[in-house]
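What follows is a set of structures for review.
Shared between the two complexes below is subunit A, which pairs with subunit B and subunit C, respectively.
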Partner chain A sequence: MITKITTPVEVAAIISLLLIFMALVLTFIRMILGPSLPDKIVALDLIAMLVVGIIISYVALSKQIVYLNAIVLLALIAFLGTVAFARYLEKRIL
Partner chain B sequence: MIIEWITAVLLVLGAFFMFLAGLGILRFPDVFTRMHAATKASSFGAGLMLIATIAYFQQFFILIESLLVIIFIFFTAPVASHMLGRAAYLLRVPIWSGTIIDQLQEKYNLHTHQLASEKKTINMEISAKDLKVKIIKKQKK
Partner chain C sequence: MKSLILRIAARNLLPLFLIISVVVLLRGHSAPGGGFIGGLLAAAGFILYAIGFDVKAARQKLNFNAVNLIGAGLLLSLLSGLLSIYRGAPFSTIEFFTLKIASNVSYAISTPLFFDIGVFLVVVGVLLTVVFSLMEEQ
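Moving on to the complex of A and B:
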């Protein structure tokens, strides 16, 4: 648990969490509105990158370095998902 | 102490670039410009934040893992967005009305999805000739 926020790294982590949450809200709006399917896939790809940023901010806030392992898997899965979506869009076959 | 300040500045800078990516994906008028905002700004922001973790914790394990993730992101983000942009162009997703030049115009063979360096008309003639040759061969058989 975080009781006091004193060091500059913790303040910076809180600020970056707020910024990334605002970006997440904007990206969600685009993912819902998106006029075409590629728009929604671009938004989905960006959401994975923003979650990577959230995890890094949380690691800097709580000093639990174990969570850094999740970033590798998240980046890999986001790449594979985007490539699969793009291939499906182009050929209509997976 | 100075390392903490460097970490704080890098964290906020990376998060600011990610916020710019979110702003760009909402405000830009077109799939391709949205992709331009989303891919580059978000991978740059993630790279800055990973460099911040390297500077903050100063362990060998974190150095290796963060460098691995940075290299992975900077290799895969262009590939993924290129595939997505090609698919969007072939799907005829509408381009912004203020676009001045479309350099891929009439250069894609829409049947085979191949990109030619000349205009599509020549390309289509060649493909029509190929089709005729194939039909003639089939008739001979």
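Moving on to the complex of A and C:
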């Protein structure tokens, strides 16, 4: 699918993919170490948003518009997950 | 939960969830999507509403009994399969129609669309029945 990197957009997408992957690794470490439960939940939310960024960069590279639909759904569901976790933190019951 | 921010967000996100669920449902014929994932999205909107307000308000917003949605969806799926028997083909054979809106506007409709709408209703009904009764239990 990805043939040759020529346009500036593709170069920018490659650079941002590298940076997002580094951020993903750091966030994953935070999610495992996280001293308290809220830290882990915020890290999970951040991971979902970083995955959204990865998909956007991949769309810019591969010109597969279909994945843009996945972004909308993923962002909505990630928000719902964070809200449900916050409710669990407050009430200790789902 | 008495959170004003969450209430405003839930109230404004529910129509967005429903619109996207219908888009995914209708797109499912020839692209990624379909009745199951559309039903999950619509149920997620109502679950968000129930978290922001409470289960009673979400039930009022749904306007139907969630169990009735399961029955309606199963009935619609069954009817979409029976239509091909009426036309002389085996059960669940795909039948195509053309729906004429105006003289130059027409839509192609097939029975899998109605089957998918039935799946959509069943998924919404099952998920909301389970989640609402779990949230009411406390």
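Following the convention adopted for this analysis, the second predicted complex is superposed on the first by the 94 of 94 C-alpha atoms of A that agree within 3 Å, B and C clash if a C-alpha of one lies under 4 Å from a C-alpha of the other, contacts with A are read in each partner's own complex, and residues count from 1 in each chain.
Methods note: contacts are C-beta pairs under 8 Å (C-beta built on N, C-alpha and C of every residue); 3 or more make two chains touch, one makes a residue touch a chain.
Keep in mind the model is a prediction, meaning the values are calculated, not measured.
If you count the residues of subunit A touched by subunit B and by subunit C, you find the higher number for B. Legend: residue contacts after superposition of the two complexes on their common chain; A:85 is shown touching subunit B, with no touch to subunit C.
In the superposition on chain A, A:50 makes contact with subunit B only, not with subunit C. Shared-chain residue A:5: touches no atom of subunit B or subunit C. Residue contacts after overlaying the shared chain place A:72 against subunit B and subunit C alike. Looking at subunit A, you'll find residues 69, 72, 76, 79, 83, 87, 90 touch subunit B in one structure and subunit C in the other.
Residues of subunit A touching subunit C in their complex: 66, 69-70, 72-73, 76-77, 79-80, 83-84, 87, 90-91, 93-94.
The touching residues of subunit B, counted against subunit A in their complex, run 4-5, 7-9, 11-12, 14-16, 18-19, 21-23, 25-26, 31, 34-35, 38-39, 42-43, 45-46, 49-50, 52-53, 56-57, 59, 61-62, 65-66, 68-69, 72-73, 76-77, 79-81, 83-84, 86-88, 90-91, 93-94, 113. Looking at the complex, you find that subunit A touches subunit B at residues 7-9, 11-13, 15-17, 19-20, 22-27, 29-30, 36-39, 41-43, 45-46, 49-50, 52-53, 56-57, 59-60, 65, 68-69, 71-72, 75-76, 79, 82-83, 85-87, 89-90. On subunit C, the positions that touch subunit A within their shared complex are 1, 6, 13, 16-17, 20, 24, 27, 31-33, 37, 41, 44, 47-48, 51-52, 134-135, 138.
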